[in-house]
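Chain IDs A, B and C follow the sequence of writing; residue 1 opens each chain.
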Amino acid sequence: MPARTDVRRRLTLTLTGFGALTVIVMLLAPLVGSTSISLSRVFDRSIPFSDNVDAQVFFVARLPRVIAAALVGAGFALSGVVFQGLLRNPLASPDTLGVAAGATLGAMLALTAHADFTIFGIGVVPLTSFAGTIGALAIVMAIAFARRRGTSSTVLLLAGIAIGALLAAAGRFIQYFADVTDTFKTVQWLMGSLDVGSYAPIVASLVPFGIACAGFVTLPRVLDLISLGDAAAEARGVDVVRMERIALVSASLSTGAAVSLGGPVYFVGIIVPHIVRLIVGADHRLVLPASALFGASFLIVCDLIARTIVAPVEMPVGIITAIIGGPFFLWLLFRGR
Amino acid sequence: MLEARNVAFGYTRGSRILDDVSVSIAPGSVVGLIGPNGSGKTTLLRLLNGTLTPLAGRVSLDGAALSTMRRLEVAKRIAVVPQETQVTFDFTVLEIVLMGRYAHLGAFAIEGPDDVAIARKAMASTGTAPLESRQFATLSGGEKQRVVIASAIAQSSGILLLDEPTTALDIGYQFEIASLLSSLNRERKTTMVVSTHDLNLAAMLCSELVLLKAGRVLAVGPTKDVLTTGNIRRLYDVDADVVFHPRAGHLTVVPVARAD
Amino acid sequence: MAAVSRQIGLRAKGLGLILGLALSLQPSALFAQARRIISIIPSTTEMLFAMGAGDRVIAIGTYDKYPPEAQKLPRVGALVDPNVEQILQMRPDLVVVYGTQTELKRRLERANIPYYSYSHQGLPDIFSTMRSLGMRVGMAAQGEALAARLERQLAAIRAKVANRPRPKTLLVMGREPGALRNIYASGGVGFLHDMLEAAGGTDALADIQRQSVDVSNEMVLARAPDVIIELRYTDEAINRADLDVWNRVSAVPAVKNHRVIVLTGDQFVVPGPRVADAVAKMAAAIHPEVGW
């Protein structure tokens, strides 16, 4: 590896490179699909939209899907990076801390109760799964930060695992009362789906994503310092308690929004940060934005493959992320170092 | 002048780790903190850099109470070298050293050429300049500690607090670090507070010693006055000979028997 | 004759028909009448009651919701969680089990309790099961009568829609409520597909040849079904706002022509005596122009 001295230069390079990748992928993805459509028909204003099949395929089926994939991929990648830094564990994923178990529980509750309302065009399941995330986060924070001195990553991890286990048990308890159809729907939800079919849930998710990003921008350098130990970070001038809270809330909001939008596709949150680190190094000022961009591109591409490779049917996107991500990661690991 | 006046600290009500402790660290001095496990050495160091707030008494830096100073301000003046540094991610040596500049830059700023120059000078002082592009995790124990010391110097050239800096190292590296600290103090006039188990290291490095037992100061003063057979017996229940070693140039402590 | 205490698992198709035919002449030859029947499968429970064996059923399964007379009976579990202890305690002389419940079958064999092994694929299996089950409980004639009557009803429905054009129909078995997500629909094989065909529709996903297909928005637009049937299995009220989500794909003929129909009731998931009723409802939805 060449001497890495100029962070500014490397940051520009990284953002340009990954940014260009993301833009290209986002522009091309809606053009590809299992159905052939003609772009001239898509943008033909003379055909009323309600009759224009090609336009509906582009604007209702594909474009929201690509945007959702970008947001979900970025959201999970970002929360993955932050959880890994917060817990000082490169194997941490968005669902390590139990906030994701809250999302699953919320979705299960909606499906088992046969709730079918929508609010402002957002379905009940995304709403309840997001509520579940927030609920779980509140519990984890209450436990982990009950100590006046703040938290060590061990306490946080234990609280998160305990809450995750409890919520998962609650989920199984609910399954007991579910009939076969509800169980089937839950299993489907667990496989993830980016086929949102409308813009309302995307717009709604921008609120928690926006708040999360406001938190994320304060974190890059801090994550570097915290990764050497809480005491060491304090000694360097980091307000560790405050920053860990910001990190936890931001990563949880990002996870919750992503799960609501696309289901529990957590693998993205483990693998993208690692791949990005192998390319740009460990400095979180590079890793954080690069992971967001690469996560977006990665999930868009995975979803594109999922919806075209076995046409006319589709595969669950979670399978593709694992099939692609795993070997890609191994290849990067063995070629360098 | 870094000073702790009658400080007390405990995590739970009723049990005190430190009680009525007073130390004065004169600029340019090397002060040793000696004491058995659990005597409160690490806690005292954390009080001295403001990470912990005392229950009673006050810690002040040049007259101003640490509790009134902003965290970043304190970090610019006081840096810490922990016993061991575990890295989770693959940082290079230069990246680790540059982390010391955080207090001077804040959360959003990126290091400029000045910061890099300071980091490189710090690495030169600790003999780690050739290691700049190496992965920190691949270094030997001694090299790691030297890099961490460089990081601390990059953070603050004023005061260094070192928590058992040689405990995890073998005798070769121990000597290396001890010599390094000695020369840093000589050349840069860096003030140091070193907590250690190694009485010989303390004798070599420190002009002044603070003996802690069960959270209280047993004795404080110049090394030659404080490092006595009697004090060692009181601290460690060990009968030891304290002898000036002509070739080493400082006092040495040789334990002889258990004192019952 | 003493009840034959041999355990026989029967393959529903073929063998059941042949045996049923052969033995309908001697109702008491191979199987004496079963008097204490436990059925943990909704369709066989309904079949038993429909063929007049209801007074011999002593316990039913968790999900057996029909007929009303059966609801007061004790429930002993279902596919995933059969309450083996309770079943053994009740000392049945026949237990109707799923073909895949190997553990339960083993326990019954050890306790010397006969069982009838039920497996099911398509529409024709319903009738062969009725016949073989009727024979198995010693009511072969009643089983035959039930099957024949339903076959006639189905034939009548088929005749009514025979000369009508068959619209491309998307048969949605379920989806995420309040959204067009996680839609799963019939894909050309299976019991629901057979019903759709009998009702005079063509499966929009017939070429895929899977019982259940994950359908995306793009697929719905590409397949352009003329009719969309959504199945709901409980009697809960339909939320209009929930159905309005289909308007997002307004270019689909079924949506444009207001031919999105919801059919409710669990007869769509119970392949039993109410199948003719289910097919009739489907046919009425697909071919409203024919008088029903």
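Criterion: a contact is a pair of C-beta atoms (placed from the backbone, for glycine too) under 8 Å apart; a residue touches a chain by one contact, two chains touch by 3 or more.
Note that the structure is a prediction, hence the values are computed from the model and not measured.
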Overlap of the chain A and chain C neighbour lists contains none
Greatest Cα-centre separation from chain B belongs to chain C
One chain pair leads in contact pairs, namely A-C
So, in whole Å, the Cα centroid of chain A is separated from that of chain C by 41
Cα centroid separation, chain B vs chain C, in Å, comes to 78
Whole-angstrom distance, CA centroid of chain A to CA centroid of chain B, is 43
Interface with chain A, chain C side, in the complex: residues 63, 174, 176-182, 184, 207-208, 210, 213-214, 216-219, 221-222, 224, 233-234, 236, 239, 241-242, 245, 248-252, 256, 269
Residue set of chain A touching chain C in the complex reads 33-35, 49-53, 55-57, 60-62, 65, 110-111, 114-118, 122-126, 179-181, 184-185, 188-189, 193, 195-198, 201, 307, 312-314, 316
Seen from chain A, its contact residues with chain B in the complex are 1-5, 7-8, 11, 84-85, 88-90, 149, 217-218, 221-222, 224-225, 227-229, 231-232, 234-239, 277, 281-283, 285
The residues of chain B that touch chain A in their complex are 11, 46, 49, 51, 71-72, 74-76, 78-80, 82, 85-92, 94-96, 99-100, 102-103, 107-108, 110-111, 116, 132-133, 155, 161
